[in-house]
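First up is the structure itself, then whatever we jot down about it.
Chain nomenclature is as follows: A, B, C and D, assigned in order of appearance, with residue numbering initiated at 1 for each chain independently.
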Amino acid sequence: MRNILEITDATKQFGGLMANEGITFNVGEGEIVGVVGPNGAGKTTLFNSVSGAHTLTRGSIVFDGQDVTQKKAHEIARLGVGRTFQIPQSLNEMTVTENVLVGALMHTADMKKAAEKVQETLELCNLAHRKDMLAGKLNVAQKKRLEIARAMATDPKLLLLDETMAGLTATERKDAVDLILKINRMGVSILTIEHNMDVVMTVSNRVVVLVSGKLLMVGTPEEVTSNPEVISAYLGGGSDTDE
Amino acid sequence: MLKTLFGDYSKKQLAIGAVLIVIALILPQLTKSLFMYNLLILIVIWSILGMGWNVMGGFCGQVSNGHSMFYGFGAYCVGLPLQYFGLSPWIAIPFGMCFCACVAWVIGKPVLRLKGHAFAICTMALAECMRYICVNMEFTNGAKGVNMFKKGVNPILFLQFKDPRVYYYLYFVIMLIVLAVTKILSKKRFFYYLRTIKGNEDAAASVGIDVSRYKVRAYMLSAAIVSLGGSLYAQYMLYFDPASMMTLNVSMMIVLVAVMGGIGTVFGPILGAIVIECLSEFTRASLGQYGGLDMVLYGCLVIIIVLFLPGGLLTLPAKIREYMDRKASKEGAAK
Amino acid sequence: MKFKRVISGLLAAAMVISLAACGGSGSGGSAAPAAEAGTGAAAEAEAAPAASGDVIKIGWLAPLTGTSAENGQQVTWAAEMIVDIINEEHGDINMLLAADAGLPNLGGAKIQLVEADTKGDTTVATSEAKRLISEEGCVAITGQLTSGMSKAISVITEQYEVPLVTAGSAVTLTDGTEDYDWLFRYNLTDATYIDDSYKLMDEANAAGHEIKTVAFLSEDSEFGANIVTVEVDKAAEYGYEVVENMTYAANSTSLSSEVIKLKDANPDCLMVAGYATDVILLMKTMKDQDWFPKMLIGQRGGFVTDDFFSALGADTEYVYSTGGWAPDIEKDCIASLQELYPSYSNGIAFNEGMSKDCADVLLIAACINQAGTTDSAALAEALKNPDVDCAQIFMPWESISMDENNQNTAATGVVTQVQNGSYVTVYPENAKNADAVFEAPTWSAR
Amino acid sequence: MSTFLQAIYEGLINGTVYAMIAMGIALVWGVMGILSFSQGEFLMIAMFIAYFFTTATGFPPVLALPLCMGVLFVLGFCIYKTIIYKALQGPTLSQRLITFALSMVLVNGMLMLFGGTFRTIQNTGMDGAFSIGPLVIAKNRIIPLIIAICIFCFMLWFLNKTRQGKAIRATSMDKTAAELVGINTEKSYSLAFGLSAAIAGAAGCALSYYYYCYPSVGGNFQLFGFIAVVMGGFGSVEGAIVGGMIMGLVDSLTGVYFNTAFKYLGVCVIFMLILQFKPKGLFGGK
């Protein structure tokens, strides 16, 4: 299986704080990789480095065969990396359609083709019925789906999902999982940060465990849950999610 | 192209639009007074300035308080070539727009890294710098200003008409062209990207928008249109000096026109220009002699409008309708 | 949201209609001039109203609000006083047109001064000038106008062929760089004022005082820029060494660095061109830094305003000012004007600042009377060579002769000095009322 | 050498005025995120108060300091409660326009009430100048320096040591967090706006010693106040003081050593340079 994303010795330092240190793992094409770890383990920093919001202090990131370590966020996005944000950054003064249209416009300036892409993506993320609503007026679940729709409209090869399950009710979570699996089946590899262990275990092919900026282990969900170190470092206190 | 222009308007709206345009064309024929032509021409010029600023402040969310710099440069780019080379404005005006776009490109890169108040203050300081340079430079006649009035010159070639109505028609058509350009662009990727940047710069980067390049492009387009407004003003007044063109007051008036009308909308600046110009001319004409009372009234009106109508005057009817519905529903409940 | 669509529909449709109306934007110009020819005549006819029997309107533009509001108001009262004298019978005042009511050659027609506020802003001045010409039908325009405003308004008066009489003294108005047919200046130009200043310095040298070096401090405005260019040229002509030449930004927050540089250069004579705000700040800063040149010559502007005395009081002592007028000129109508003016200005005395502009009003009235009609061409002819008895004019002129640029070359000026609280004429020799104190003492010695 | 010393001295004096205006702007900007265009006008009103106080009672203007600060505090408080409170709900851009319109109203209101005459306080009880070596120190510029220093100390003490001062600082850092810990942010807002007006009042009182008093005086100082605030670091009061001082020095040094016409140009250029290297200003506030 060809690797869509190769992260080697990723290190990011903010002044004194070593947010990420020597993280190395790959994401295969069409694979779903979950990233877990306690708060402050450097998960979002890693995401920001992959998506280009930060540049690494040391190490390299290769996406689809190209070295993107020094590239800026918009260049990486154009190469096919879609991303969502921990706190949804929706464009509140624009309608749902316009939010997704902006994504669709990445590859084509022709408004008609873009409109078709928008319609298709809205149906995929089942937001078609909210087409003309202002993004600011959506609820949390819909805002998260809108972010995914905006990212999907750019036809990404890799989708970075940042805690898409946070704050969702049980049914909303189920829909979100179905959506992720449907997107994966369309050939999009996914790297997702997730606190909800059940979702991570059912959805991801492999799981990356980060603890205080370092890579503890990479393995299948079964290996991760049975590994004593992971349990003590992360799961020891019992899973903090409700059920 | 026509579809994007009139695509999303019902037949009724187009009819109303046509009626208003006809009124706008007939208006100068009805009155004889130069004062009224003067008012109409200033409205048209200020609409262009408002639309220019709106590209940057309204659509792209980068609020600059220094656009009087481009307004002044626009005037200089028409005045100086005429003075030194006798160049006709038909060539000088486009040259002025490109010049201002280049100035915006050069200035844009460093200045647009700033955001919010810092950006606004930086543009204010820039406008002041440019004014000092123009006031102290021999090339721009320093503070003496530029006099463009030439006797017995071909009116068409040098745009120096005796009857102000010709100015009005010409400027009205230019305004419509600028309006059409803004309308078309607002349906194109360029303005969607600008509105995304206004919404949230991180989200914009995540969908592949090179934020700083698009900001600079918006600044260039905005500078070009405002410079067009400056050139038309200079061509109409035929005399200008830096002290009356490149001041903070002018910059704030440009912002006021767009915000009062409706920021981020295509037609907002036109409505804003109409209201502000009429307001300032009539308060001055009627209350002028009470030593400043007209400006006090003007200031209060601005405060009231901006306070109670943040969306600008375009949202006034919607607000009134909303008020009516609320009253009706209250009466319904009371019955 | 719905209404936005209505408005956008409304104006977006404009493209189709207006293009058709103007025959395509490209040839927008062509259709319009046809209209211009037709209507041009109408606009022009309406601009020069028929001479109505009873009232003749003269347009008056002055800053009634804004930074120079106080000064503008004082000059306006003076103009109103002159018009009242013309309109009523004043046998006792030996002034032009004072004896009989109104203009004798036009059947006693009264003069009406139509006032408009320029707010000290060129754009407002031009809009108001248009209003005075088209709405009010004024036959001539004058007022308290800076040189910059005179240029802006001359564009209007040239286009609508209405005479503009201004005291704006910029040399570029009169040295033929710009050809104006409808601009008339009876007052001195900068060149004459500055000649007087240097002649005064020559007199000081003759009297044995060491006045060798000169420095210039001028505002970066139209007013300052013109004066300093002439000052520099004349310095070479009269053989004075220029040790410092500085411009400052109008309404500046501090002039301390300027005064520091002046102290460094320590010129014998300092010539200042600025308005009241900066002149007051300059005097106070010089007092704070304990420095005063042997001779401080103010080029009118802030130096001749009433605020200069009210704000600085005794500190104004020994300051010279060039000027076109002084209270002690031997013209008998001056005394009656000085008596009458405080009733208009609730107590403020008639001074140099207002003399030049209200003299223009008197001259316009005299020329209308001489032309016998308000037709602008005839009026322009009269303004070009007015035959008036200068003894009946309250200005120091002996005669009036207009050169081809419509500038009165016979106008002479005076130089006054503040001696115990008020301006006294110290130059020229024939109009002198007191000897000049050539070397001013330092602040501590006062 | 003496001109250099004199230039530094004069620069510091002017710098204190810019600093006081900048402090007022920084306070309002830091706490409420509003760019207040009417700061210059508060300064002007205070100058009028100091002028009328001196002409009426004959005492030196420094005794008018409490009166100026008190009146301005009340004025700032009322303006906050009526206009600014409502403006805070609207978009930030219209907040800036509202303070601009407010300054228009204040300038022309004063022009209407007191007319356009230039008023200066002629005998401030501190006439004449003495010199220490080559440096000439005008007596009536010492009091403004002392007033400024007192204000700086008062503000730094108030914001760092008193409870209410800390509450204001907390509100400026994060309004919602401040509310969570029980700070009445509404009170912090109104107090901050009143205080910033009072500081401008002190600046006005100090300025009336050596500057003329006229309705449109505020405008001359407005832009420099802004530049000092941004140069010092947005919304940081300490930064505003340093920014103001730098402004004064650059203003007088460029004037003396370069060309007086480019005095303000020098200030703007230095401002641009600082912004390029430290986009968040020297002290990098919010």
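Criterion: a contact is a pair of C-beta atoms (placed from the backbone, for glycine too) under 8 Å apart; a residue touches a chain by one contact, two chains touch by 3 or more.
Quick caveat: nothing in here was measured; it's all calculated off a predicted structure.
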- Item | Minimal step count in the chain contact network, chain A to chain B | 1
- At what distance in angstrom does the C-alpha mean of chain D lie from that of chain A? 49
- Message: Just the number, please: Cα centre separation of chain C and chain D in whole Å.
- Response: 37
- Task: Using mean C-alpha positions as chain centres, tell me how far chain B is from chain D in Å, no decimals.
- Result: 32
- Message: Taking the mean of the C-alpha atoms as each chain's centre, how many Å separate chain A from chain C?
- Response: 73
- For chain B, residues that touch 2 or more chains besides their own: 132, 135-136, 291-292, 295
- Item | Of all residues in chain C, the ones touching two or more other chains | 65, 69, 220, 247, 249
- A full list of chain pairs that touch reads A-B, B-C, B-D, C-D
- Task: Can you check the complex and tell me which residues of chain C touch chain D?
- Result: 65-70, 73, 220, 246-249, 251-254, 256-258, 260-261, 263-264, 276-277, 280-281, 284-285, 287-290, 307, 310-313, 315, 443-444
- Message: Can you tell me which positions in chain B touch chain D when the two form their complex?
- Response: 57, 63, 65, 110, 113-114, 116-118, 120-122, 124-126, 128-129, 132-133, 135-136, 248, 252, 255-256, 259, 263, 290-293, 295-296, 298-300, 302-303, 306-307, 310
- Message: Which stretch or stretches of chain A touch chain B in the complex?
- Response: 51-53, 72-74, 77-78, 82-83, 85, 89-94, 98, 101-103, 105-106, 109, 111, 150-151, 153-154
- Message: List the residues on chain D that touch chain B in their complex, please.
- Response: 29, 33, 35, 83, 86-87, 89-94, 96-98, 100-102, 104-105, 107-109, 111-112, 115-116, 219, 222-223, 226-227, 229-230, 234, 261-262, 264-265, 268-269, 271-272, 275-276, 279, 281
- What does chain C use to touch chain B in their complex? 1-19, 21-22, 25, 28-33, 35-36, 39-40, 42-44, 46, 64-65, 69, 115-117, 119, 121-124, 126-127, 130-131, 133-135, 148, 151-152, 154-155, 158-160, 170, 172, 178-179, 220-222, 224-226, 247, 249-250
